[in-house]
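Scroll down for the structure; my scribbles are underneath it.
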Amino acid sequence: MDPAQFRSHSFCMGATPFDDQGRLDEDALRAHVQWLSSEGISVLPASASSGEGPLLSDEEVFRVWEIVVEEAAGRFPVVVANREFPTAAENIRFAREAESRGLDGIQLYPPTLGHVIAPTTDVLEAFYEDVLPHVRLPVLVSSNQATGFEVPLAVHERLLARHEHIFAFYKNHSDLMNCASAYARMAPRTTVLTGFVRLPMAFLLGATGELDHVQNLMPRTARALHDALHTGDLARASTAYARIVEAQAATTRFGQEEGLNRMPVYKGVLRALGRPGTWATRAPYRPLSDEQQSRLAAVVDRLGLAELEGLA
Amino acid sequence: MDPAQFRSHSFCMGATPFDDQGRLDEDALRAHVQWLSSEGISVLPASASSGEGPLLSDEEVFRVWEIVVEEAAGRFPVVVANREFPTAAENIRFAREAESRGLDGIQLYPPTLGHVIAPTTDVLEAFYEDVLPHVRLPVLVSSNQATGFEVPLAVHERLLARHEHIFAFYKNHSDLMNCASAYARMAPRTTVLTGFVRLPMAFLLGATGELDHVQNLMPRTARALHDALHTGDLARASTAYARIVEAQAATTRFGQEEGLNRMPVYKGVLRALGRPGTWATRAPYRPLSDEQQSRLAAVVDRLGLAELEGLA
Amino acid sequence: MDPAQFRSHSFCMGATPFDDQGRLDEDALRAHVQWLSSEGISVLPASASSGEGPLLSDEEVFRVWEIVVEEAAGRFPVVVANREFPTAAENIRFAREAESRGLDGIQLYPPTLGHVIAPTTDVLEAFYEDVLPHVRLPVLVSSNQATGFEVPLAVHERLLARHEHIFAFYKNHSDLMNCASAYARMAPRTTVLTGFVRLPMAFLLGATGELDHVQNLMPRTARALHDALHTGDLARASTAYARIVEAQAATTRFGQEEGLNRMPVYKGVLRALGRPGTWATRAPYRPLSDEQQSRLAAVVDRLGLAELEGLA
Amino acid sequence: MDPAQFRSHSFCMGATPFDDQGRLDEDALRAHVQWLSSEGISVLPASASSGEGPLLSDEEVFRVWEIVVEEAAGRFPVVVANREFPTAAENIRFAREAESRGLDGIQLYPPTLGHVIAPTTDVLEAFYEDVLPHVRLPVLVSSNQATGFEVPLAVHERLLARHEHIFAFYKNHSDLMNCASAYARMAPRTTVLTGFVRLPMAFLLGATGELDHVQNLMPRTARALHDALHTGDLARASTAYARIVEAQAATTRFGQEEGLNRMPVYKGVLRALGRPGTWATRAPYRPLSDEQQSRLAAVVDRLGLAELEGLA
């Protein structure tokens, strides 16, 4: 698949469904990919946070990849995320696995050295130079404060100048000006992907696609925002954006009040929406109690998610 | 002036010019207000950070107010900012001064207790209840992390329900979702003002005006972004937004590299643009060295500010 | 008074008592100073946070100074704190007031520019150079993250080399190594003062005195820790330190649970201990409800403060 | 080995030496363990940060354990650290490996879910309850902000009440009062271990041992501080503590100025001290340039480390 085709995709770091015995629920996964795909969303499988990648064995990760490739059936490029590995060797090994399974691209995290150690600039640059020449797939580079540190923009700029197979750039940082100037610098040179909360800003600076997790819950609304911005329909963009903000704020607040991490909440929302599968959590995440599931269903009702997403 | 008229203004916390002896430079101030006003910008005088309010005596603050009122000549509403006072009494006294000078509105900061003490919710609410009934001017309430703490949204929501003379709401917080959900909640109920970096996001959530300092340097570009969003011209919005981001990133980086706070840099930019006055700094800020001024002029050239702003 | 005498004092930023009408309660203040003094504590009056200085008028501040000087009667040096002023002129004016009232030293805060603006290194250094030559009293310089920023150690080191009337150094920073290396660098050159939580560390690095607020509640225990360390009695130091940590943790937790800032809690403790005066709060602080005061009294009982402090 | 014997040990998270080909340098490792052991330090091998555990394969980790057990020869208990695993199953598997290799205890990290996701209280508690019944070795529980989040004290308190084989508690947090009150609460109930910078504080609150990495560079000085506090020799404690603070500040500053992470600097110090082995770094860490090694040697000289440690 030509990386130029990746340019204005809305990539969703897809949730990974488990059944009541905690096993990968392949049927639910297929249905989830079909649903998102039918709404114009490209699924990035088994990622670190919203894909619960760290809770999957290598074999399970590869199986998830295969299923998504099958379900995508060429309708969207299947990009996968490396685990947060510390060494070049492990990153290369994983990229090879992705190549051999017919994937279309790979997201390369910077090296995760444990204990939130922030690699210095030289370490980051050397790491990428050790890895990139051995990866044949198109590469998405990213700097996400959620890994505990930032990759300086200058490192990514230099890599981009040297490695033609870098097809996209993603950045998330709590300093909005930091993000804004990174988007402005990178957009003329590569595809910039962003999350939905920052999308109105990033779009004006040249970001053409998204990489986020909210599409797991509201693919139609997310795609509507993407499309409305690309067609210049500000009224429709405004409506969609307000709904995404409202849904994210509500699910985040629910998690804080109930002491639940994001993915157990997301899975509870999918159950409340009646999506196929039991969407069980895997330890160490705990299942929602019946009372929690019932309170969450009320939140989903108030948001009108079923109607908005055409599921009612 | 009817507060409804404040709804889609672009308020600039105007810089305060000093002459070479460190005195208020009234002529330069008048020229600055005329320039901004002619570009469609409303000047909010003598504010805390970009107006260098803490470096002005009360008498100087009042003089700045008077000059701005004279120069505004009814073309824009003159809203002023209270100092960051700890007590209700001082806030009320200042508001009285504003009333007696014919101002159109007042921005009320939450109580600043010294040592970055974060007032608890009860203290905040009680403070506003002590102050608001004694203020007759339309009031702009704000929560700006730059004061060292946040006013919980619920406090401002309750105040808004009880006090009809609150005409606008401003919020700045490093957590973008926090800002977004505040804008979404408040926009249906009052005028929401925002800064330019967050404007694309805030506008989609119902923010109709701005409160910022970048208009001191690029009023035409700032107004262009405001207008482009309000008329739905995304291409023009994109161009203006990218210029604002680029200019802010460049001046911030210059300050960091040269060890200069923001306002000395801003005044150096105004000198480089040939704006009337010497735009001297007042102690404890230090004047830029000739070398610094020269390097800053090169930055201003690279940004093409003079051309963009019609000053070339 | 010879600054050398300040060397191993335990300075308490004394609480300021108000009566039920919110007026300065001079009798309670005198009793408070006598109590602390009788336990070997030196009172630093009307400071920014624990002295509620920002809630006092200039005249009230000066009156508090005078009363403390009278009650000290030469038994301890009376050092006062400047307000957090932005300009040299205001700092010098305040220092003059202190000189004319017979005070023994003055704590000079770095310039507070409003909106938690962090002055750059050059601004800090120039500010001190503008102020210090005009201050005749011995000067305590400090860097307290509670002002919203840090004074780099190098600035204080250069000042110390140039100004002989700097008699002491205080530093508080969340990075413990930052504090530790500052204490180690400064202790051979001047008196280092520290807070009680960091005292065991700072004492080993040469700190000879304290500057804190916990002595308002437990002067005897605080002095016991000071003395035990100075005499090398580790068992006694351990007992006293554990009590201070337990009391601080308990009062902080109480404030968090009840939504109260520190000083209203402290005053409630003084009421629970039966100290003279009503120890009312001044707006914008709110008085504790009867229920809160009763719950706080239970905390004070559990801590055994009355017995520990010889008040039972 | 009886866990009661672990009570006043000084555990060093031992550095892992590599040779010029990047392989585990077994001879250097043996010499390092002998050196530390001869100075009274207990080596905790292959830990997350200072042991570069994430850069080692499982087989290498187990080999390091075996070598340390052999060299310890019963003179100190060999406690090992689990990797930062997300699942109970992987933690149990690793603990089994430790049991089968005759180790004396195991440090159990909380679950690391990737992307610095902070597990909620329920997740943490459930995780430990899934793991602890299946671990037969004495267990050290820890809460280290360096993992990106905190384990609430209440979780560890409840675990301690239920699981007799928890033999020690470690906590590191930037809020000093948080640490202090945790030490005070836990010290009467279990062995509290702390790092050297917080040791003077923690010792007074009942901490009887240490868990740190500075002993890799200065085991004699570190042990001297431990012993001086335990024997109540404050003068000797003061000297040793000042040296540790000075050395840590100097190596940290060197790393910041040169763009080097901690372990490459530590290894450079060991080379400068002439310790056996080449102490090469493993990718993604970069080797120091000759100029960097030479500048670091000058730092080591200035600190007088060779003399202090009896290596000159």
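As written, the chains take the letters A, B, C and D, and residue 1 is the first residue of each chain.
Note that in this section a contact is a pair of C-beta atoms (placed from the backbone, for glycine too) under 8 Å apart; a residue touches a chain by one contact, two chains touch by 3 or more.
The structure presented is a predicted model; accordingly, all values stated were derived computationally and were not measured.
Peer 1: What is the touch distance from chain C to chain D, in steps?
Peer 2: 1
Peer 1: Is it true that over half of the residue numbers where chain B touches chain C are used by both copies, so same, or is it different?
Peer 2: same
Peer 1: So which chain is the furthest away from chain C, centre to centre on CA atoms?
Peer 2: Relative to chain C, the chain whose C-alpha centre sits farthest away is A.
Peer 1: Would you kindly tell me how far, in whole Å, the mean C-alpha position of chain C lies from that of chain A?
Peer 2: 50
Peer 1: Averaged over CA atoms, how far is the centre of chain A from the centre of chain D? Could you give it in whole Å?
Peer 2: A distance of 35 Å separates the two centres.
Peer 1: Provide the list of chain B residues touching at least two other chains, using ranges where the numbers run on.
Peer 2: Touching at least two other chains: none.
Peer 1: Applying the document's contact rule, which stretches of chain B touch chain A when the two form their complex?
Peer 2: 174-177, 180-181, 184, 197-198, 200-201, 203-206, 229, 232, 234-235, 237-238, 241-242, 245-246, 248-249, 252
Peer 1: Please name which positions on chain C make contact with chain B in the complex.
Peer 2: Touch residues, chain C against chain B: 48-49, 53-55, 84, 86-88, 111-124, 126-127, 130, 144, 146-148, 259-262, 283-286.
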